[in-house]
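Note that chain A is present in both complexes that follow, paired respectively with chain B and with chain C.
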Partner chain A sequence: MSELLKIEGLEVSFDDPAHRGEGGVARAVRGIDLVLGSNESLALVGESGSGKTAAVKAIMRLHDPTKTRVSGRIALEGRELSAMSEREMEGIRGRLVSMVFQDPMTSLNPVLRVGDQVAEAVSLSRGLNRRSARAVALELFAKAGIPSPEALFRRYPHEFSGGMLQRAMILIALAASPKLLIADEPTTALDVTVQVQILELIERQRRELGTALILVTHDMGVVAERTERAAVMYAGRIVESGRTLELLAKPLHPYSEGLLDALPRPGTRGEKLKTIDGFAPSVFEEAPGCPFAPRCRYVQRPCLAEIPALTEAATGRRVACHRARELDLRGIA
Partner chain B sequence: MSLLEAIGLRKAFPAGRTDLLGRRKDSLRAVDGVDISVGEGEVHGLVGESGCGKSTLGRILLGLIKNDGGCVYFMGRDIEEFAREDEDRLRSGMQIVFQNPYSSLNPRLSVGSTLREVVRVTSRRNASASAGRDDASRRVDAALDEVGLPRDVLPRYPRELSGGQLQRVGIARALLVRPRLLIADEPLSSLDLSVQAQILNLLAGLRESRGLAMLLISHDLRVIEHVSDRVSVMYLGRIVETGPTDELFSGALHPYTRALIASASDPRRALNRKTESAVLPTMMGEPPDAINLPRGCRFATRCPYRMPRCAQEEPDLLDAGGGHRSACWLLA
Partner chain C sequence: MRRRGSMAAMAGPATIVAGILISAIVLVSIFAPIAAPYDPDREELSSSLAPPSSAHLLGTDRLGRDLASRLAYGGRTTLLSALLVVAISTAVGTALGLVAGYRGGWVDSLLSRAFDVLLAFPALLLALVVAAAFGRGIENAIASLSVVYVPMITRLVRSACLVERKLPYVEAGRALGYSSARIMFRHILPNVAPLLLVQVAIDFGYSILDLAAMSFLGLGVQPPVSDWGAMLADARDSLLVAPRLALAPGLAIMIVVVSFNLFGDGLKESFERRRRR
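Here is the complex of A and B:
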């Protein structure tokens, strides 16, 4: 598997004048290293505020440069993105890397017909004239499981259901057969019965086109069923990564264990769920020790002194925990 | 009779295209013939997807929305009559916890003011002169303890609290009037996973400590399964299956319930699938337009087991024994 994406030391911080008293800079991403092979699927898991979205938006270079500072290296097929001009970046977005967002309603133009928006993406990416692009787009509609594609092709975004809009968004994102698709909570706003269909569509299209996937989600079930590898984020850092099923069966970081413990288990009705007490640290501050230490049930003195680095714990497994070697954590097997 | 008993509830909202005078021509039958009950100390889980009418049903039960048809009995009395003659007692008997704790608290009132206001109103009603200021703060403190909040939240405002803390304030507010029934409408869905577990534990604990009955409305099957004694599944305004939790989850009868269970992503299933290599049964398409519902069974358009009869006649809930009922012709 060749290397498609390599991220080194990525940091993202936002100016936040409303919190001037606390320094005025929100440090959303605090040093991420990540490698993704072509065709590979990776889940980026974490709770709100952990920096998942800020990190993937940096790959697309979607942050507003006047309010955001992004540092570190992001290389796509060996080409450094931060060195590119905005014009060069436009050639990358959509063609090499595409993104699908949580809310499809705000990602489409409300005054243009959905079909025309898909056709435009097709025409731009394949250099087709309007007529041929429409024909291709219509085919894509049918393939994506949109019922009566010809009728829906002429409708506007507000006449679509959330699930149908998300299908159209996926078609637009994949129109140019990009090498990497970033899906940021693509099904969070949808009903579970529709969620499955959307995830299947992404899966099918991805396999057909050989597209790699970064799936940003907080849903452990989706992670388990849809991705080969997973990285767990906490307070702007990756605290653990590895093959998804291995990570779920035997987590190495206490935070991952806590997340899995918080899921109701079958056959334990009425029993108390284990919880992670306390709060995530403020995005404006940096404590000297492990950011999870104040909430960790395995905390010891060294944890409060030094931030643990993400290091290799076993083949393909990396963890940022001072006590990872001695702890025997519980997964969901 | 159960603590709460509702029979034949109906509610339609004007919807769809407008005529020349701007009147809506169609109607959306949000709740379309629903019977539901909650026993003393029981947790009844109501599960369904967005637009199925579960929130409307919850609000009808509370008397916050006027139903078009059917009756709601609380503590053996029709709530309409109850509301006319004894509204305070009705309100103190039944309370609601909302989905979004930010929008359900007054942003200009501190937590302490919000909670003391509840005590002030309820003690005025009880007309006991002893209910002075000391008593009020004692009751507020006790409520904070019960929901696991420290006293130092009292001077703070909603915007200064986290979602989980706010949801605890919302629950404390409801508890202060000492209700017998709590209707919790998606109390977890705006919260992060680790916080959801905390609030779920809190709700389950209240049932133990107070014998509080609960109608838990949620789209999340795992949450419903974890705390409910009984579960009802709602689809497009009707209850399509109801039964004791274990039976419903181990032997779902309605194709919609089965599809819901199969669609809910479950990390354990993925781990086991390495060996089983079973393909997930999924459901076709999306719900039909709720304004122009198809004739017959309203799930038929998506149902893999559709029979000719399903497009003609709508099934009522049919008895499968042991309190388990399903509105499906497969059972007939």
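Here is the complex of A and C:
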């Protein structure tokens, strides 16, 4: 498997004049390293505010440069993205890396027909004229399992259901057969019943096109388990990564354990859902010790002194926890 | 579900009346050669200042020219000039507004400050200064009014664009590698269009008024061409003898301007009602 994406020491911070008292800089991503092979799928898991979206938007260079500082290296197929001009980036976006957003209801243009928006992406990426782009788009509609494609093709976004729109959005994002698809919580805004269908559509399309996937999610269960590898983010850092099934079965970081423990599962009817006590640390400050220490049930003195580095714990498993070796944490079967 | 014709149903009776009046006047102007009973420039001194009769529906002016025919042809000039003013200022203003709103930064600051200065002057005064500098004539009147109408359109489009560019569909477009120009003109513009349309309707009315004022002052159309403003100016000489010569173009101007205003307001209201649903 060749290396498609390599991220080293990525940091993203936003200027936030409203919080001048706390330094005025929100440090959303605090140094992450990540490698993704072509065709590989990776789940980026974490709670709201953990920096997942800020990190993936940095890959596409979608941050507003006047309010955001991005540092570190992001190389796509060996080419450093930060060195590229905005025009070169326009050629990368959509063609090499593409993105599906959380809320399909607002990510499509409300006043243009859905079919035309799919056709637009097709025509741009394949250099087709309007008529043949429409024909291709219509085929894609049918292939994506959109019922009565001809009728829906001429409809506007508000006439679609969320699930159908997300299908269209996936078609648009994959129109140019990109090497990497970033799906930012693609099922969060949708009914649970269509969640699986959307994930399956992404999986099917991606296999067909040979596209790698970064799936951003806060769902450790249904969503994450469909990927090959997973990385858990907490307070702007990756705290654990490894093969998804291994990570789910036996987490090495107490935070991962907490996330897994918080999942509702059959046979626990009547019991209160578990939560992780406390709050994520402020994005404006940096405490000296492990960011998770204040909420960790296994916390000990060294945890408060030094930030643990992400180190290899077993083959293909990395974890950032001082006590990873001694702890025996519980996962889900 | 989209309902066709809901626009007309939602518009008030005033809007519908205004729409009918506008259409009637536009039709008469377009078909002036057919609608007008006489050549508007044919002088017939023997029937100078003739009162309304079956031969001359609105009577004749001092040179014996048929007033009804002159009104129809004058409307042609007036409406066409106003159309040009609105078309030019809207095209330029929209482009600048989109760029300022979407790009932001120094481009926005520069345009906004420059237009703040322009907006500080009364529109007509500014147009008069421009026309005085470049000479009289309808082309210069149109050009100067076009310039004067740009800032308002730019401001409107810019503020709407500022709202739009924060919406997820714009970011999604960027994530697909769409160029700024494509996002601005193909994606943001249609979303701004309803607002723009309202402003265009209202501007149309005002530009007729301003053009008439310029022609009245002799800075607009030059003889033998005439428009409603020039007709008003001509009528001054015989105001006491034949007030209808001034009343006819004056009323025409008033009706068109009020109609466009009502129509613009009606459009705005129905767009807002639609948005709220």
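What we mean here is this: the second predicted complex is superposed on the first by the 323 of 333 C-alpha atoms of A that agree within 3 Å, B and C clash if a C-alpha of one lies under 4 Å from a C-alpha of the other, contacts with A are read in each partner's own complex, and residues count from 1 in each chain.
Here is the rule we use: a contact is a pair of C-beta atoms (placed from the backbone, for glycine too) under 8 Å apart; a residue touches a chain by one contact, two chains touch by 3 or more.
This structure is a prediction, so every number in the text was calculated from the model and none was measured.
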> Putting chain B and chain C on the same copy of chain A, do they fit or clash?
Replying inline: fit
> Once the shared chain is lined up, is A:Lys143 touching chain B (first), chain C (second), both, or neither of them?
Replying inline: neither
>> For A:Arg73 in the superposed arrangement: first (chain B), second (chain C), both or neither?
In response: neither
>> Taking the superposition on A as described, I'd like to know which of chain B and chain C A:Arg243 touches: first, second, both or neither.
In response: neither
> Comparing chain C with chain B, which touches more residues belonging to chain A?
Replying inline: B
> Looking at the overlay, what does A:His63 touch: chain B (first), chain C (second), both, or neither?
Replying inline: neither
> What is the contact status of A:Lys6 with respect to chain B (first) and chain C (second): first, second, both, or neither?
Replying inline: neither
> How far apart, in whole Å, are the nearest Cα atoms of chain B and chain C in the superposition?
Replying inline: 6
> Can you list the residues on chain A that touch chain B in the complex?
Replying inline: 47-48, 145, 147, 161, 163-164, 191-197, 200, 218-225, 245, 248-249, 258-266, 268-270, 272-277, 279, 332-333
>> Per the contact definition, I'd like the list of chain A residues that touch chain C in the complex.
In response: 60, 62, 66, 89-95, 98-99, 101, 103, 106-112, 120-121, 124, 156, 159, 169, 172-173, 176
> Given the complex with chain A, which residues does chain C contribute to the contact?
Replying inline: 1-2, 104-105, 167-169, 171-179, 186-187, 190-191, 193
>> Could you list, by residue number, the parts of chain B that touch chain A in their complex?
In response: 49-50, 162, 192-194, 196-198, 200-201, 204-205, 219, 221-223, 225-227, 245-246, 259-260, 263-271, 273-274, 280, 282-283, 285-286
